[in-house]
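After the structure tokens below, expect a handful of questions from me.
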């Protein structure tokens, strides 16, 4: 690793909202950006490795505010990969990095393998997107429960418990029968036990229904514990009332607030979201996907159309929006499994929004289609996420002092959304990633391929 | 029907809490009590039918605060009796009356058949316990949903919908995706559409989990609608937080507040219940049943033991308790069905608490075992229920002006709980019921037989 | 009903294999054909009703050797129509007649309702195709068993038994645990109890596997009982070995001998079938359907392609083939049911071969596509079936002494297969059917509409 | 290992049917018996290890004609032990040896792991009962099929196939769609591929029904292939007709011929079995078990009572009977699994007949209860099995030239059946086994403990 690298002759769009700088130079040393600006203002240090970026556009490394790196979601793969889920996280983190995501936020998964994978990547032992994780959704059962698969009676109770424990760590739906104080106590222990970076709790349940798990009182206590421990907090919500409750309870980020079943967000609640500039991790999908869904799965489409209505309102009203895909790294085994959202993961689905390595490009396109300003799109995919997650001291923009995470594009990302897919290079921590070496392992995931 | 009837030489325990009156006379005319008191103070009107009650004890007609008259709970019987559920209600109401229940409160069932049966009984067209009903639990799905049976994919969606609609009338779990205002609006329409007597809504869900359906805001709006319409309101709750929420929302009665999963009611919450004398419809079970359950179904027993702990605290602290069984009229078909609480309805279960015609005797015995004062037991089974449901202007005691509903016992109910089962006669609306004619229809229900 | 009717100026193709007769007259009296031949040889009786058939082609009434008139096949409809399955048979028989089938052979269904419907139609009380029936497939369980639907534990055992008994009459798979002699004894009783016209027994089972039910010894005894009782016998087979066994056991007709899983009929066995001219009820399907299946259901297609190979061999080798569709009268409820061959009954399936009123036209087209001679096609759809089922003394050809069952076509059936669908009139028992009045009842079935 | 060992002062019952020899000496060298007889006739070689057996009874090592060493039968354990099923075989073989079974015949399991375990034990690399194996039941699907567990759709097709392939090796129920010649060809390949010792094919299927898999023709060809390859052959049968078919096809041994569903074996068939002295591997169970079953599982008991009737007839008529348990080595995980014969493996079941290490003692007791002569019991448990399986040249009796496999009992096995459980020592291949070291591994199996 060369200690000093300079990118030259690039057009720089640094993620701060400032206009593009032509013929820019970006200097980085020891993985951190040390200087940026037009060629006439920034000197190239002697001995620096110079990368000529003529014709290219340098933007901050892309981020995804909601991703799931452990992609084992079927009973079979949960058993086949038992004891080595971190391998799945490595595979997914590689795939993310290959397609320009230098940092992702894992909002659901098994805490221990994720923390292990996180630390290995941060220590440079493995290559992959940098990530932060929440572990399980606090209050939900593990993946071999009725929450996720209709596992039924096929499996021994001991087997199900063994797998689910890796997720739950004692904090599944059993919490709902506790008093508010005891729920808060359980969360404190969960944080101690896991070492996670932030908390996501279940305001709504995770089946299709959208039941509530915690009273407003209990939610306030959950938020208090998080803040006392210095962690930001978000919640899984799926209804208007649940969204209102989490906002009143003081959540820092709103996870998929666009999902409100069949009731659009009422005006009063929308106003609050906009005024307080609460970060909205909104699940944008493209027009093409929406059209397909309306034809192929009209029942599922109803809620998605309401979600789209909410998303358009976020943009129109100036809410703070973050790129969010809910993506995981999937391949043939997951797709073929009958129990898992049959028909939604087929190869024939156009613009499938939830595949790591592809979903973020589709989100960008969808944002564009809904009229978001090009510069806003860029920031929603980078600096806004860093700010919302409290990581803007070191991540999110191409400015001095920040980690040297960048994507170098062959075409102007402010001109057309598909240009984000036209990647020349990915830089993480000051190093130009060898993209040809990523995506080679195939435990569960298929490489989505270049997005063109 | 003789217009004037006099019961003579009875020991009268009138349900007001006054001590027993020896050699008492009770006079009733046109179905209403006109005079009561010791023989030397009450004259027998000329021409009255005189019933010599020497050696007997006259008490108010018994009541049950929570019963289900439409006993069709399996998919097969739901289809077999489709279109004539009211016949099942008649059968159950006969069984209740036969064993001394002159008034019962139906807290879950299909509104239209229940209202039809209610009106037929009140109009004297059919014989049976007088009853008041709530229809469905507002917010829950019908019986062919995953809420009740794991109906799965065996049935056509159209068939399930057809049956469930009879319960839901548009107000199933679909409500949870509405805003609080829209939920209130739906309740208003539900009341208009059904003509029910009171409202029970789902604060907790009805599977085993105990998820919440409505935010505190939504619950307050539900209570407001009920009160504006002159209806009392109760909720289905199964956890401590859910119980606290419904109390804060202003519920008039507490339905099975003893059920709080594995967390006993915290002291503060218990204090509130006692201070405000909130009517507690507590599901007492006998020691014998509890012992059986602990051995045969240790997992199910855990929650029941917490419930028992709550129940003992209600009595010890002087809470207002109502006789409550959650009973229905069941027979072989329901018992044999595999999907319906397997193993809990077998004939071999001792002191099965939930059979109409038997459960209320077991409740009385359980109250006695837990140390409730004999006079309190009597009032919990009669006048307290009338008061709690706002029917004490016409029901609940053997005092002038009240409906002439009485049970005539061969033995002293203040001496031993089993004496409630030693029935000489049941009087409803001033008429001595011909008990030998009740319980003859056997659509679904078995006659539990005399309780001795 | 006019007693004497004469069709005049028709082209007559009488089903005997004789060449068409131009300008022919067909005279019928009291429902029976009394004279046929060219106009110059057959006189029109005085007083006869004359139907001018100029430009039309008169052929024998069409027949289907394998049809199912009771179309209730889902658990929901089995319960909804319980006690009145004969209504479903009437509906289906109307649909058959409307589209030219004057006689059909019902090879699987509940005996009692079928016999009731059969007798009502024969007595002229109801309009519909004349039919003969076998009742249940001897040795198979009823429709609420794992044989047909994965009914599982959702239904009470009593309910399943109640429905299945209507089919089984004591002769379900329980027979396989009996000795050969006892199986023969059970068949004797079954014939006595039902009054069916012929017997179809289960040589192979009816799931997907193709297990055998009866040893060769037992099969020979079954055939002996049938012949002793004067009944013809066929078997349900699905494998090559099962087909060989039934042939060696002496079956009179071969039901879908083309279905031999993934093994084509070996040459030796094929030779036997051809030499003995055993009637082959072969399930032809069109090229278009086969192409669709190969693309949409490649796994299901494998066996169908073998079936097609067998069918082509039957034609090429000169086997005796009968029109056979396995059709039933289906509509939306059956199509939507998830448990019933999902994806095979959708409206989008081209040339769906198993709908009553349409399937026989498709069979004719498929026979044509496979190179069967036009005159053979006509006889396979009429006289050959009458002969195979031993009804050729009164049915199957337009010749004196036969029942006056005919179809009058607007176009030449020897010129193109689709001309069979161009129906001018259907005559049954000497009466011109009012086709506009058929297909009006819609309990379960959709009218397939004219085939053009 | 001492090369020459002499047992002295024992009562010898050598399994040939000869009367016991008092004060006998048994000399063995290099694992083979070299001399036996009374002390006065047999000299003890110089330098021999002498084991004083005063007061003890020496009998041949016990054998079980039907056992299953790979005990992984639930989906969970099939996946948990994938790739190392041979470890389960070692565990079970240890348990067998510990309780006196020196040779067992494994009649169902995965061929490759079994052959691997067999060879390791024979080579002396592992301690355990010597065994011979058939691999899978030819024609049945593997354990993750509907044949064994209702695995349903919970598992990915690929996962089920992967596991089932270990059993099927291409020869599952797919065979039933082949012609008889092709079935024979498949068997030839199966023998080549596996190296199994004998063949067991599926005459009946393995669910509850008892369908047939192969025609008589196909069965004859299967037997021919086996004999041409020098292998003995048996079949899985569950009905009278299936039993008759396998006998007519020429099977060498009859596997559980007592199981004939609800029809006892007809006299004619029984006569054949007795006359030809066909070895009957009869599943005897004790009176105590039968009583329990009749009370606890009356439906399951019906067939068992017929089986018992057959078993009594075998003894009464002088059929050749072999000790047969169908046992496997089971423990808590298998017992608790809901899908696997619920209620039949509980600890509370008295005299559970199918546990390795215990079942054979119960079989002996059951034989005694049914009136079998004590000497016959001993031979049924040893020399008769060796003869039936064609191993009597080297196994089955305590006579010169045979492998030195013996059980040394503390009490007379001809005096009472329980004396078989009073084991002083087990000798296998001339070595006194250290029984305290067996049964220590506990992958899946519980040690049944001493039988007293």
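Each chain gets a letter, A, B, C and D, in the order it is written, and its residues are counted from 1.
Throughout what follows, a residue touches a chain if its C-beta (ideal position, glycine included) is under 8 Å from a C-beta of that chain, and two chains touch if they have at least 3 such contacts.
Everything numeric here is computed off the predicted structure, so don't read it as measured data.
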Fewest touching-chain hops separating chain A from chain C: 2
Both-way neighbours, i.e. chains that touch chain C and touch chain B: none
Intercentroid distance (Cα basis), chain D paired with chain B, Å: 61
Separation of mean Cα positions, chain D and chain C [Å, integer]: 52
Chain A: positions in contact with at least two other chains: none
Touch relationships between chains, expressed as pairs: A-B, A-D, B-C, C-D
Chain C partner contacts - residues on chain B that touch it in the complex: 74-76, 79-80, 149, 151-159, 333, 336-339
Interfacial residue positions of chain A with respect to chain B in the complex: 173, 176-180, 182, 205, 209-218, 238-242, 244-245, 260-263, 266
